[in-house]
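There are two complexes below, and they share chain A, which is joined by chain B in the first and by chain C in the second.
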Partner chain A sequence: MSSMHEEVLEYVIDEYIDEDDDLEVDFETALISSGIVDSFSMVSLKVFLEKKYKISLPDSEATPEAFDTVNSICVLVEKHLG
Partner chain B sequence: MSNIGSYEERLAGFDWSIARDVLGWQDGELLNIGHMCSDRICANGKADKTALIWEGFGGASKSFTFDEVRQLSNAYAKLLQDKGVQPGDRVCIFMDKIPDLYISFLGVLKMGGVVQPLFSAFGDDSLEVRLASAGTKAILTTGKHVKKVRKIIDKLPNLDTVIVVEGNAAKLKDNEIFFEVEPVNAFDCFQSDENTPSVLHYTSGTTGQPKGAQHVHGSVMGQALTSAWVLDLQDDDVYWCTADPGWVTGTSYGIIGCWALGATQCVLDQGFTSARWYQFIQDNKITVWYSAPTAIRSLMRDGTDLVNQYDMSALRHLCSVGEPLNAEAVVWSQEAFGRPFLDTFWQTETGAMMITNYPGMKVKPGSMGKPFPGITAAVLDLKTFEPHTEPGQVGLIAFRPGWPSMFREYRNQHDVYQSKFVGSPEGATPEECRANPDVWYVSGDRASIDADGYYWFVGRDDDVINTGGHLVGPFEIESALIEHEAIAEAAVVGKPDEVNMEVVKAFVTLNPGFDFDDMTELSVMNFIRKSLSPLAMPQEIEVMDKLPKTRSGKILRRYLKALEWGEDVGDLSTLEDD
Partner chain C sequence: MAYSDKNRAMFAGEIEEIKDKGLYKEKRFICSPQDANILVEYPEGAEKKEVINFCANNYLGLSSHPDVVEAAHKGLDERGYGMSSVRFICGTQDIHRELQDKVSKFLGMEETLLFPSCMDANAGVFEAILDQDDVIIADRLIHASLVDGIRLCSAHYDTFKHMNMKHLRKKLELHQDKRTRLIVCDGVFSMDGDLMPLDEVCDLAEEFDAMVLVDESHASGFIGKTGRGTHEHFGVMDRVDLITTTFGKGLGGASGGCVSGRAELIELCRQKARPYLFSNSMAPSIVAGSIKVIDLVSANTDRRDKLEWNTKYFREQITAAGLCVGGQDTPIVPVMLYNAKLANDMARDMYAEGIYVIGFFFPVVPAGAARIRVQLSAAHDKDHIDKAVAAFAKVGEKYGIIGLDKKGIIEKYGM
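Right after this comes the complex of A and B.
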């Protein structure tokens, strides 16, 4: 996996998962549809991606489906990186 | 035929006693919301009727009959009683939208407790402020959320009972109780009456920390009647209120109104996606849907082609609440679902709908509708506080006090309560405020009335931010922002947003030695998200050399807000000179 995958996964673990949660999160773990990241907090994840990768993600593409796994997030980011 | 029939005919000779008729409730019966939403429904022959259909993450689903709700809520009532919780004690429910939330809500009320539901996405600071203000005695939560309680419990001397109803019992601390609910057939409900405190909801204001709006068991009369006449709930309906019971819509209409009428309701505890919502409506054959403009606008964004992939044919009535429903959304819902969403206006303090659209009444897209029968409403002149008499004049939305679901106090803030009643003598008690026929309760929103009597929302009359239908107080966010090491001063305003109506924007000055790069900005955002809530998180932060202030040093929020909305900045004579 790319460094982007690692960076996004690290961010998700640092920001959304408590140290004492018994959760194993990997690139394919469902984040939104499983409740790990609540839908309100998607905004901060979007801001992270935009600032980290210097891109602009249209709201129409920043959907819960697109943000549901690290892999799907990276697909979206790569699309906007050109 | 709708329950209300003709709105105009209902206005004539209206008396709130009709709510008793709708409920079939008679003098001498127990007036306890917990009892009325479970025991009484069973006693009226609906014990085997489905009360709750619930779906959650990972395909989880459950359903409960009214008799199961009755027995499980008895269990919660007994547990609290056994743990020493007394009638009048505040009991917080801090959970996601799981069935235990809805059932324990009734349990708290059955034993005479005051139920204090809080939004489960609140961070520990938001939680602490509200529990401290309420002097909360016990909290019902889950393994997922008890960690926030642990961070603050040492600062809450009144909070001596922590009950965890879901999660891993082996991971609890010594002072925490794990509770697996089992049916209890009989419980002797607390003998409450119409003035007994029931639900305590916290709501944000421009200044100070959130205020606790105290409601009473008698509110059920207003909530049930509006559920019957506006939501048009009928015996064979399957009803879905999308609101979270951490906010007032989720209790007044997500628990009390529908269950007091014996209606079947559905709950989806899963993040928003349009496809998931449509699937939920299709699978459960939902007939009445009460949602919010932010969600409707999000659905609009995904288009009607997606709607057409699902069977929405069971839907027969749609309503909306939380923020003004724009005309485009009303028109789109007609196109997408074959019927318009009807806007309803009310607030935490009013406890039930006040100005709404009605089944059978002509809808003017973008309008709030007309006052509910029995509600005397007006738009007051901004300076004289006299009702406007000409159509189109903008003023403050106000109501004559006296409706059954009206809040009875702001907890420990009598002066603030009194300030909401224009014309009330200084020092008037809450009872005197409510009993005075010459005063107006002022809502904090502005509107105009057209020649046909329809109300049209204009905006807030204060600095409170309405984001996605949730009110957020700027003071609370500003206070939290300056706790971040990089921030020296902060001013928070609402910024226009296409979907959420408003989002939070912060203007800040920095402490010496800090640069505001992208990662610092993100750090500040996450700091607020975790300490307060995702709703309070600024979606934009602008660094200034200095914040605009009056000569007396007060930050001029209205100046910043006017700039953000492209409006006239008004009188700046008090602005501090450079």
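Right after this comes the complex of A and C.
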């Protein structure tokens, strides 16, 4: 996996998983549809991606489906990195 | 016909999907005044049954209090049925002003503005005071009406892990470039019954130049030594900038809500908050009833104290009975079941035992955190609580969860 995958996964764990939570999250773990990340809290992930990779993600593409796994997030980011 | 067969089939299909997911909300009819004992028609068409109510927000037992009912009658007689106006045109009576002043005094705030509901207060307050130069930093488990209000506002927003002060600090550091920061939280969280540590929140707010807004809907009237709320409980009555709360729960249970806080912020709500500007005034009878409620809770702490005793007794007894409960010392007691079907099935069996409680599961609570939420009331007597505990013990035994902790229940039923 790319360094982007590792960076996004690290952010997701740090931002959304409580220290005392024994949830294991990997590149394919469902984040939104499983309830680990709710749609309201998704905004911080979007801001992180935009700052980190210097891109702009339109709301129409920053959907719960696109943000559901680290893998799908990276597909979206890579598309906007051109 | 605009509502074609195709449209009908489409919407009917959506309803079926809701049912298939197990998220359908069934109709339940209460055929008596709101109280500890209520007469219920459930399912629809079934014979009415008297049950003990453990799922109302009637924390202080004031929903059908004779003094409140009498005051509402008087308000109806003296000020009429409706206002037929929004507040700023011709919808503000002297009693609206009186209620606002009494609420300000009760909560220890500078000014108060009434809204048709707390949902409306939360929908209007953010857009009235903040814009795109500002940021709202919200706890992740705030009430849905706050989420909606934040989304209606042009300010940036961010979230922090539930009650995690370390994470809140990180977010405050991150957003120092914004003009204003507003920390948003519930005082008592409605699903878990836990208390936001407002003393720590206010310390961080001072350190990072942020304002604090607290939704006190599940706290006003009974949290704190004299029932002022979570800000009283944590000794920060002068350090919270905005409170939103409701008259639809502990404070009489009818309807209406308010924003209370710093004078300039309240004035901006009066000038700019859309639900205030475009929705009708609270009806005179409800305003008059709410004034009586504030008088009652200001006069003594009898009801608040009884609720505290009931809460402590229920928590002790239900824990001793071997059920797994969450939350803190508030009248919201989640009996944790983790599995949605288990929560639903147990709630149905509890009803058969004469105890009216509801199962909650995703998306109302996080996935894997299904529970039956029990809400205590000052209207409950010890006998009501003993019956509820006995029913939980019997139903819990049926499902084999007595004495099991989180791990044990999840091993048995899954999440």
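Throughout what follows, the second predicted complex is superposed on the first by the 82 of 82 C-alpha atoms of A that agree within 3 Å, B and C clash if a C-alpha of one lies under 4 Å from a C-alpha of the other, contacts with A are read in each partner's own complex, and residues count from 1 in each chain.
In this text, a contact is a pair of C-beta atoms (placed from the backbone, for glycine too) under 8 Å apart; a residue touches a chain by one contact, two chains touch by 3 or more.
From a predicted model like this one, the values you see are computed outputs, not experimental measurements.
A.B. asks: Thinking of the overlay built on chain A, is A:32 touched by chain B (first), by chain C (second), by both, or by neither?
C.D. replies: A:32 contacts chain B only, not chain C.
A.B. asks: When the two structures are overlaid on chain A, which partner does A:6 contact: first (chain B), second (chain C), both, or neither?
C.D. replies: Neither partner.
A.B. asks: Regarding the shared-chain residue A:20, is it in contact with chain B (first), chain C (second), both, or neither?
C.D. replies: Once the two structures are laid over each other on A, A:20 reaches chain B alone.
A.B. asks: What is the contact status of A:64 with respect to chain B (first) and chain C (second): first, second, both, or neither?
C.D. replies: A:64 sits against chain B, while chain C stays out of touch.
A.B. asks: Contact-wise, after the overlay, does A:78 reach chain B, chain C, both or neither (first, second, both, neither)?
C.D. replies: In the superposed model, A:78 contacts neither chain B nor chain C.
A.B. asks: Identify the residues of chain A that lie in both the chain B contact region and the chain C contact region.
C.D. replies: Chain A residues touching both partners: 18, 34-35, 38, 40-41, 43-44, 47.
A.B. asks: Note which residues of chain A are touching chain C in the complex, please.
C.D. replies: That would be residues 16, 18, 34-36, 38, 40-41, 43-44, 47 of chain A.
A.B. asks: Chain B touches which residues of chain A in the complex?
C.D. replies: Checking each residue of chain A against chain B gives 15, 18, 20, 22, 32-35, 38-41, 43-44, 47-48, 51-52, 59-60, 63-65.
A.B. asks: Show which residues of chain C lie in contact with chain A when the two form their complex.
C.D. replies: 138, 140, 147, 150-151, 157-159, 161, 164, 362-363, 366-368
A.B. asks: Spell out the part of chain B that touches chain A in their complex, as residue ranges.
C.D. replies: Against chain A, chain B makes touches at 57-58, 96, 121, 147, 168, 171, 270-273, 275, 301, 498-499, 518-519, 521-522, 525-526, 529, 533-535, 537, 539.
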